[in-house]
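Shared between the two complexes below is chain A, which pairs with chain B and chain C, respectively.
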Partner chain A sequence: MKSKEEVFEELSPIFNPKAVAVIGASREKGKIGHSVYKTMKKSLNGKLYPVNPKADEILGDKSYNSIKEISEEIDLAVFTIPAKLTPKIMEECGEKEVKGAVIITSGFSEIGNKKLEKKLKEKAEEYGVRIIGPNCLGILDNTTGLNTLFLPPEKLKIPKKGGIGVISQSGAVGSVMVDWCSYENFGLSRFISFGNGIDIDERELIKFLGGDPETKVIVMYLEGTKNGRELMNAAKEVTPEKPVIVLKGGKTSEGSEAVASHTGSLAGSAEVYNSAFKQSNIVQARTMLDLLDYAEVFEKQPLPNGKKVMIMTNGGGYGVLSADEVINQGLELAEINSNLKKELRKAVPEYGDIGNPLDLLGDADASRYKKALKAIEKSKDIDAVICVQLFQTDPMEEKAIESVFEFNKNSDKPIIVVTAGAGKVQEVKEKLENGGIPVFNTPNRAVDALRSMVEYKERKDF
Partner chain B sequence: MKSKEEVFEELSPIFNPKAVAVIGASREKGKIGHSVYKTMKKSLNGKLYPVNPKADEILGDKSYNSIKEISEEIDLAVFTIPAKLTPKIMEECGEKEVKGAVIITSGFSEIGNKKLEKKLKEKAEEYGVRIIGPNCLGILDNTTGLNTLFLPPEKLKIPKKGGIGVISQSGAVGSVMVDWCSYENFGLSRFISFGNGIDIDERELIKFLGGDPETKVIVMYLEGTKNGRELMNAAKEVTPEKPVIVLKGGKTSEGSEAVASHTGSLAGSAEVYNSAFKQSNIVQARTMLDLLDYAEVFEKQPLPNGKKVMIMTNGGGYGVLSADEVINQGLELAEINSNLKKELRKAVPEYGDIGNPLDLLGDADASRYKKALKAIEKSKDIDAVICVQLFQTDPMEEKAIESVFEFNKNSDKPIIVVTAGAGKVQEVKEKLENGGIPVFNTPNRAVDALRSMVEYKERKDF
Partner chain C sequence: MKEMNYLKAMDLLESYDIPIVKSSYMTKETQSAQKSAEVGFPLVMKIDCTEPIHKSDEGFVKTDITSVDELEETYIEMKEKAEKQEIGFQGVVLQRQIKGKEVIIGGKRDPQFGPVVLFGQGGIFVEVFKDTSIRVAPINEEEAMKMIEEIKTREILMGARGEEPVNLKKLSEIISKVSELIQENKEIQEMDLNPVIVNSNEAKAVDLRILTRGGDE
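What follows is the complex of A and B.
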């Protein structure tokens, strides 16, 4: 088995190609071959060649009749041609010695056309051309500029560059994940939609992103795998260094039937997957919201050293709800020793109690947060902080977020802010998140995300 | 016991006062007495009198030394004076025969000052003045214009008028709920923060909103009640006609300790509350997100007649996840009979299967949604629809939402749209929601909200 570093090395020409041919590039607006070529022309750091025997030039570039006519070496071919032509074109790619192909074309096993898919696969294997797809969106690589997605920018907004690597078996779910990252302003390293996955699939892609220095956390939507053992082994190699978060579709028998008619995978039993995920320390998300919440905390915050959580709040009710969540999710409320109590006393007026949750009271301003966060920065009895900041109250100031940034800089404990509301709150949320602080609108989401980190860390250290 | 109609009648002078005195109205910016007076001057449909012996006039209005100097009858007094003055002022209000008082002032039992609170309560009882508070935000009434909230509009945005009535024991949680309604553009009827609740509390407020023709659904944050039996009885009177959704804080022993130091209530055991809620058909929300999700579906959509759900999607993966959720949450996938199958066949190209989830396929456009939704409009085998519309795909058009509106108009089944993403998606979401369609970003939230309706309907019909 190849190591993750070897896989990263081997697949690099596909993700960081010096020259790319788009086979089926088109002059006609509305055609996938047109969108793909247009996008790549804008974003690619490398040479780009259109291949289309019916055109002389495409978007000002000389069009080639065949990839074999291009004199330069080609690393990657992107297919946007009808399915039935793909085996023949693959042969030409093989003769041209291209290293990889992203096959966007659909019309293979997903509509029952297994024979054609087999033929394509055999041709690629004969020449050693690696394949992503078919029936996929392909690659959006924010580290190299490669973008084979044919979705127009007004439909799918490209996220900023960052540490989240996304793998999706489903193109639609994948495009939602990418667009969601944009909406939340999360940073994306690379996104791969592998569709039918006849060659490169989730097993290899986990290793690829595992070996990728630009990816800090791997996020995946998975419906089934061809080889559970290999998936586990890939994850086991990666998770000691990098979290892998998976949302598994088809965990009920009804869901698995839907999987069969969607990606044609075997969804398998939920129990088998649950246990495999635990053994290989894959973080399991139950919903799409969890998946992206977990991605955010793992990308932005350090891992907690234990499960002792400190809660602070300017809204007693949100403190109560946070405490309920900490207990319900199997974490613990940190105990406050007498030294810390003395320090925290300075943050809370005398008519308030010192406890956990620490109620900074409804008339709390930024200075109370500053004192409280300073006091717990170095505390050995606290592993993580849930900082509730409700900006609706009168004395609460926006600058209360500065002490969160300060804490984040000085402390090795994770901190998550809980806040909710309209106008002002959304501005503050954006500032916090751009400054590396995850923000959630409920204690439930914050504590759940924290729990995912605690569990990952415990298994990692076991 | 008074009926909900009687309670509504009795408390009407407080919520719809012809004349209000603000005792402690102030000229000084930054003071609560100033904010409250300023806000009320803008929004109140009735006469407003400032009472402050230290001022001649406030915001251009003649200031009175005492409420007793005002010649007109006063329905409501709003207190923004120091706590220690409240019993004496309550006496004056009593002599003036005011009907109710909203006491915003804090500094009572919540900081251990139980004696003062008792004195205030006794004075009010002596004269029959009804109290909301103390230590509360008071009332925001979108049906009458009464607004005693002292939070500036840039901190808390007032939602549009609508059918959601909100009750909160916690001021901060309450203000978050109101601001959240604004953010999501939900319609609010009336909001009441009752704080220490020394007179009017959740038991009476449930009846009040139950008897209120403007309120379609009641949403409440509750930490504890003084009398569980009465709370249940109030709910039992209301829930046959109107859903009551409750988020209970303090369901763990740690959370309950936090409750004790927050509102001083007895949080009680989770089991007792769970069973009381079930018996009185209170819909229980586990998180703040659930609470507002449920509020949205109950306000916007009709109740389902059963638990048979039809799923349609243009993203197979989201269909799979929706099917998993339907099963996990105890609902059922509707079966498709042969007639319906024939109809649905027209909506799906021949290379796609007809099933539930119905995969309209990645190349679905608006016309496929139109045909599919039309086919199931009148189907007796379907109780509710989860309509996944992913707008990232190339052929998917915004006008696909029109057939959702059409369905909503023609059918008595609830429909919920699932969609997620940035720019365009947010625009579409807004249009759908303004047109009465709840929209969620995950199948989990959509199905969970639907489940809450199914359970409410089942208990209601039992």
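What follows is the complex of A and C.
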């Protein structure tokens, strides 16, 4: 079995190609071969060649009849041709000694056309060409500029460069994840949609992103795996260093095999996946929202050392709701010792109590947050902070976020801000997020994201 | 799938040091003293008959038998009742009766992940609430302990309402051994140790069922 570093090395020419040929590049607007070529022309840091025997020129570039006519070495071929032509074109790519192919084309096993898929796979294996796809979007690599997506950048906004690596079996879920990252202003390292995965699939891609220094967190949408043990082994190699977060689709459609025992009926496919994820310390998300929430906290914040949570708030009710969530989700409210109590007393006026949740009261301003956060920065009794900041009150100032940044800089504990509202609050939220602070609109989301980190850390240390 | 012969299944479990409740088999009331001595009192009597029946629902399981005389009497009664109902009486299984909580420990081969092991609360909890935890096999005792801690009704085992906690260490040993057994015996498709009875001292399988790939035996 290859290590994650070896896999990263081996697949690098595909993700960072010096020269790319788009086979099936088209002049006709609306065709996939046109969108792909147009996007690539803008984004690629390397040479680009269109291959289409029916055209002389595509977007001003000389078109080639065959990849074999190109004199330069080609690292990557992108296929946007009809399915039935792919085995023959793969042979040409093989003769040209192309290293990898992204096959966007659909019409293979997903519609029952297994024979054609097998033929394509055999041709690629014969020449040692590595494949991503078919039936996929391919690669969006924010570290190298490679973008094989046929979704035009004016329709799907490319996220900024960052530490989130995305793997998706589904093109639809994948493209939503990418666009959602843009919407939330999350940073993306690389995105791979691998479709039918006849060669490179989630097992190898986990290792690839695991070995990728640009990727801090791996986020994945998966419907099924060809080999569960290998998936676990790949994850086990990566999760001691990097979190892998998975949303598993198709949980209700599986597990229809015949069973004859109690155990057989109780250990259905979905239950076994859950257990396998747990054993390889894959963080499981139940919904798309979870998936991106977890990605955000893992990318932005350090791991908590335990499950003792400190809550502070300028709104009593939001503090109560946060405390309920902490208990319901199996975390603990940090206890406040007498020394800390003395420190916190300075942050809260005499008419308020010192407790957890710490109510900084409805007339709280930025200075109370500053004192309170400063007091708990180095406390050994606190593992994580949920900081509720409601900006609807008159004394509450935007400046209150400065003390959150200060805490984030000085403390090794994760901090998550809960705030909600329209207009001005959205601006504050953006500032916080750009400064590396995850922000959620409800205590439930904040605590759930924190819980995912606590569980990951516990498993990691087990 | 086909069911592995009971004695063969017992041997397999024994070869993995998985504790099974002591049992003996009796076909004549005159064997009462000898057969009960093999297992000890108190004991449970279960019918062995050719017709498929739900033994406990139809009164063919008797518990709390505490003497040779009582055993002889119960045997005669059960035999007469069975013959009247024409269910193909063959004999009875005697098992040492142990008090404790019922749990299920099992295994199966999953198409994607291969051998897996399952632990669950017994009786109604497993049937209605599906209160179980699963791991891809094999696992060590530490991981098995996590499985026990993971079920929702764990407090029932850990001593709710002033009860003595059950022997979790013994349970985790069995779970870990079952995970090795299912991993190493590739012909096994599914298996149940149901119930396993556990109290503060011991944990023992009371009933077992192993299903193998059809035609492999």
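We take it that the second predicted complex is superposed on the first by the 446 of 462 C-alpha atoms of A that agree within 3 Å, B and C clash if a C-alpha of one lies under 4 Å from a C-alpha of the other, contacts with A are read in each partner's own complex, and residues count from 1 in each chain.
One rule holds for everything that comes next: a contact is a pair of C-beta atoms (placed from the backbone, for glycine too) under 8 Å apart; a residue touches a chain by one contact, two chains touch by 3 or more.
Note that this is a predicted model, so its numbers are computed, not measured.
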Touched partner set for A:A19, first chain B, second chain C, both or neither: neither
Which of chain B and chain C A:Q279 touches, first, second, both or neither: second
Touching partner for A:Q392 - first (chain B), second (chain C), both, neither: first
Partner chain(s) touched by A:G228 [first = chain B, second = chain C, both, neither]: second
Which of chain B and chain C A:G264 touches, first, second, both or neither: second
Touching partner for A:V425 - first (chain B), second (chain C), both, neither: first
Touching partner for A:N328 - first (chain B), second (chain C), both, neither: first
Residue contacts on chain A - larger count, chain B or chain C: B
Footprint overlap on chain A, comparing chain B with chain C: 257-259, 261-263
List of chain B residues in touch with chain A within their complex: 32, 35, 106, 111-112, 150-152, 154-157, 168-173, 175-176, 178-180, 182-183, 221, 223, 247, 249-255, 257-259, 261-263, 286-289, 314-321, 323-324, 326-328, 333, 351-353, 355, 357, 359, 362, 390-394, 396, 420-426, 441-445
Touch list for chain A against partner chain C, complex: 224-229, 232, 257-264, 266-267, 269, 271-276, 278-279, 462
Touch list for chain C against partner chain A, complex: 1, 104, 106-108, 110-114, 116, 118, 120, 126, 130, 132-136, 139, 142-143, 189-192, 194, 209, 211
